[in-house]
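Chain IDs A, B, C and D follow the sequence of writing; residue 1 opens each chain.
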Amino acid sequence: MASTAAVSSKARASSTEASLTPTRAFVPDPYLDLATYAAAADLLTLSLGPQHPSTHGVFRVVLYLDGELIVKAVPHVGYLHRGVEKLCEKLSYSNVTPILDKNDYVAPMCNEQAANMVFEQLLGVEVPLRAKFVRTLLAELQRIASHLLWLGTFAMDLGGALGGGTSVFMYCFRERELILDLFEELTGCRFHYNTHCIGGNRHDIPAGYPALVHQSLDLIEARLLEYLGMLEHPIFRDRTRGVGTVDAELALELGLTGPLLRASGIDHDLRRDAPYHVYDLLDVNVICDDGGDCYARYKVRLQEIAESIRLSRLLIDNLPAGPICSTKPLSGVTQFKITSGQAYVAIESPRGELGTWLIAGGKGMNPYRMKLRPPSLHALAAVPYLFPRHTLSDAVAILGSLDPIMGEADR
Amino acid sequence: MGHLIANAWLRGLVHGALLITVLMTAVAWISWFERKFAARVQSRLGPTMVGPAGLLQPIADAFKMFQKEDIIPRGADSLLFRLAPPLTLFLSLATAAVLPIMPGMLASDLDIGVLYALAFSGLLAFPIWVAGWSSANKYALLGGMRMVAQGISYEIPMVLCALVPVVVTGSLSLSEIVKYQAAHHWLVFWPPGIGVIAFVLFFTTALAESNRIPFDIPEAESELVAGPTTEYTAIRFGLFASAEYAHSVVSCALASALFLGGWDGPVLPPSVWMLLKTAALFVIVTWVRWSLLRLRSDQLMALCWKYLVPVSLALVLGAGAWVYVVG
Amino acid sequence: MSDEPSAPVAADGGAAAAAAPPSLLQGAAAIEPGEASEVVLARLAQACPSALARAAEQTSKRAARAQALEGFLRERFGVEPDPSNGGPLVPAERHFELARALKEELGYKLYVTVCASHWPAQKTKTGEDPEHFELATVLRTLGSGTHQACWRVRIAADVAVVDSLVPLFAGADWQEREQFDLLGVRFRGHPDLRRLMLPDEWEGHPLRKDYAIDTRCVPWR
Amino acid sequence: MLYLTATLQSLFSTLRQSLKKPTTVEYPKVVRPRAPRLRASFALTKDAAGDENCIGCKKCEKVCPSEVIALTTVKKPSPITGKSRGYASDFTLNLQGCIICELCVQVCPTDAIVMVQDQEKPGFSREDLVLTMDKLYDNGEKKLRLSWANASVLAEHQNPERKHA
């Protein structure tokens, strides 16, 4: 990879004059010309490489360190680019779902729903009420599992692979297993389910499922309080408070969404603002925190777990009867044809706004062009703005708090 | 108690050899204990396959360490690279020479025992830095630099806290201190407020010296991959790991000798008391390791210079005043 | 039937875990009945009183915003909105002006995404349709009643340059670099237009229709 | 001081965790019971009379997203009923590329291909993971706890007109 070439091309005069005028405290210039920085300081170029214990997947940041202080961060993405959008152009509409739920491998349910909702909008297919309830339930359970995994890896980033962080990591994974068991009950798979189809869901709630859901949720709630005491430690607060602060203006400009935006004080959540599925029947209270730093993001995600537990309980208690899908079961590849039309539909995945812009055309058998809008790519785009003036261990904490998923960012 | 072997040299040799074999096997089974304890803490099972309840796991690890390929990176300064691991192990074992296991049983009864022990454990920062510098890897270099910074700055509060028992007992020799504690009362309780605080501070700084969580900045897995030991493989890494365990066991033994009255104890034979106290302290070290997060390096320095050093200075003054007043 | 599926729940002596219920799953295919939808909706309305009111308010707010956007587009750009195709077709040179107006005047502050698509030359009923690119951009307003404004821009294939939105939205930086990388659409005024996903020495732009899906790219594949 | 109290609190919380029974089990000796709907491997089924269900219509081959199913059909009289009908002469399913998406099971008109709850045993060579026709029928024979889903059950599940209390 031509990282040195990247440095020289970045040395061009920083052009963005209008939007980046540092009216705020300190907005680092991502295209900082290294020569203009104190020429005397000999900078250490350290590559927080694609293969590193805490980059949450294959993601590389070239850090220019002055001592332990980061002067400039140049992120490189694309190590996990699999050409999913080109592959989707070859697949039929029913085959796209199993491929897309491998994009964000921490919240596969949300990927499946995002894709199928765009197909349903273009086909004009109406989803039955029971399927909407089941989809909302699955989205909320998936949010709990995804935030739990984030909590575990974030504690491990701060606490070290052979220390207190790993204990919290193991507890979070033990809780997440309960939710994976719930999904295995429903669909038969622990991870990549392919349970959504155009017009509803392919698997219906098994008998006796509500009792299991209640039992698992009660266990998660009881245990979550138990080991949160371990994280309310002054060491944790010192390591996260005031680290990687994103103020509202910068968050908006970078197009951050989801917990990152809400942690910077902007009250924006698609579940409440643009209700889809059954969210218009539920009162989703959106958790906001105007801290903007890692600690605010931690608190927002924690309360979102509690909120999702409440919503899941509400949903599983009120399950309407009726069919689970409004289209005939899949009988072949040519069952669904969309010949024309374009649409953009977005849902609130645990990481932010996950949208799909679909262009239908050609013979209608497969999508003409399918653009997926990953919230993680915008989170990673914030890295050059967040890292400068922090130390290396802060960089790891900030990267952990952004909760990027490389499968989704690189597609 | 007459010494079994008349010749002093031979006696030192035999004591030393005995001590090293005991310590190294203890270090091996300590790794088994730590993995089992960590597993229980994290609701896992820990090693269960090799031998009954995984008891033969350390032997399996050692065997694996021996037969793994030993890689020396091309850009590394190979002499220093090879020298660093044995030097670390040598330093941590050397401090064990002055530990009073039993009233008579002492590898070498130096009358400046405390100074010797603290000097050697202070030197430990050097070979780890050499490892970091010589393995031509930026992460290792950063880890080495952090080790030097932490090692030196935590040496001062450790020495000052070790001074409190020395001031109270009036002698530097470890066996004298233990005899004083056996005769009077344990130094944890004796200078009423001062002893306990000194013990707690000595224990935390000992944690910092042997790179244990929450002070394992040099070898921070999530940031610096594996700190100075990144480029080491096979038996070289084995030496580093056992050196770290040996050093934490020895500093626990030192703490129990200085503050908890060494081999002094009512019923059980003296050496059993010493082992019990060291084991108890080591359990606390492991317990702390699996339940706390890690400090950032500048917070670590601030903690040391702003809080530990002034408090330990006050402790030494308090102990001196106490001795002057009470006598 | 296998017994209680989530054995760890039963085995664990957690305070809250009652004894695991006997396997209720008579047959894996048995389905949880669920009540009639009216009963469910009534109970939900009782459980979340403010939900329906808020949802109604959202839709009205969003309709108002959509009205404002249509009026704005018709009068300032003389363009008819066509929702079936995702958004109106705006002349390329007014792309930046529309984005700035939307951001400053109508409050579409959140940059969502940009999607370029390659349309090779094809014969349509209305005669020869030359090869061109289509660039769709989406912005979104914030808070309750959020509304997404989408519009499309057509650029001829040989020119393939449109002005970049980075001066308005810093988030556009990587999205536009990705579109350049995968489709070869250049963005005028972009501070650092390089490939984002693929290595810099990669030839060709994979998402173009004339780029076969199994082109061998030595040395990567 | 705050450090000390918080440290003690997290120490005791780990102590409480360590006193509970561990949740992991020794996998080869103790196997955790899985959900009844688990889908892991594949099997080809035979009808009551013992005749092969698969009529070689290649629907599963077309619908598979990762194109791992390959089969060739042949028309021959059925050994049991005597009428000539289509058979699959060679049916291979390459588990290496299979993403277990259950579309082939849903599409099959005669409920021939079904999922099985028992995980495929890992092999030492890549060929072990390619399920040949006789291996698939063998899986069906050995009644490897056939999964609940075959085409008709899935269809009944997803049936739009289904009204139940």
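Operating definition for what follows: contacts are C-beta pairs under 8 Å (C-beta built on N, C-alpha and C of every residue); 3 or more make two chains touch, one makes a residue touch a chain.
Computed from a predicted structure; not experimentally measured.
Centrality annotation: A (chain centre taken as mean Cα position, compared with the mean over all protein Cα atoms). Of all the chains, the one whose CA centre sits at the greatest distance from that of chain A is B. Annotation: A-C is the more contact-rich of the chain pairs A-C and A-B, by number of C-beta pairs in contact.
The geometric centre of chain A is 15 Å away from that of chain C, both derived from CA atoms.
Here the spacing of chain A and chain B, counted between their Cα centres, is 44 Å.
With centres set at the average Cα position, the gap from chain A to chain D is 29 Å. Remark: chain C and chain D have CA centroids separated by 34 Å (rounded to whole angstrom). Residues of chain D in contact with at least two other chains: 7, 10, 13-14, 17, 20-21, 23, 25, 34-37, 147, 149, 157, 164-165. Residues of chain C in contact with two or more other chains: 5, 8, 12, 14, 25, 28, 31, 33, 36.
Contact with two or more other chains is made by residues 164, 167, 171, 174, 177, 181, 184-185, 204, 206, 230, 233, 235, 321-322 of chain A. Interchain contacts give a graph that is no line, ring or star and is not complete, per the touch definition above. Within the complex formed with chain C, the chain A residues making contact are 1-2, 5-6, 9-10, 12, 14-20, 31, 77-78, 81, 83, 85-87, 89-90, 129-130, 133, 174, 177-178, 181-182, 184-185, 204-212, 215-216, 218-219, 221-223, 250, 252-257, 266-268, 270, 272-275, 280-283, 314, 318-322, 340-344, 346, 353, 355, 357, 359, 368-369, 371, 373, 377-378, 380-381, 385, 410-411. For chain D in complex with chain C, the touching residues are 20-21, 23, 25, 32-37, 147-149, 153, 156-157, 164-165.
Those residues of chain C that touch chain A in the complex are listed here as 5-6, 8-9, 12, 14-18, 20-21, 23-26, 28, 30-37, 40-41, 43-45, 47-52, 54-55, 58, 62, 84-87, 109-113, 115, 117-118, 134, 136, 138, 140, 142-146, 148, 150, 152, 166-175, 178, 182, 189, 191-192, 194-201, 206-207, 211, 213. Partner chain D is touched in their complex by these residues of chain C: 1-5, 7-8, 11-14, 25, 27-29, 31, 33, 36. Note for the complex: chain B touches chain D at residues 37, 39-45, 48-49, 287-288, 290-292.
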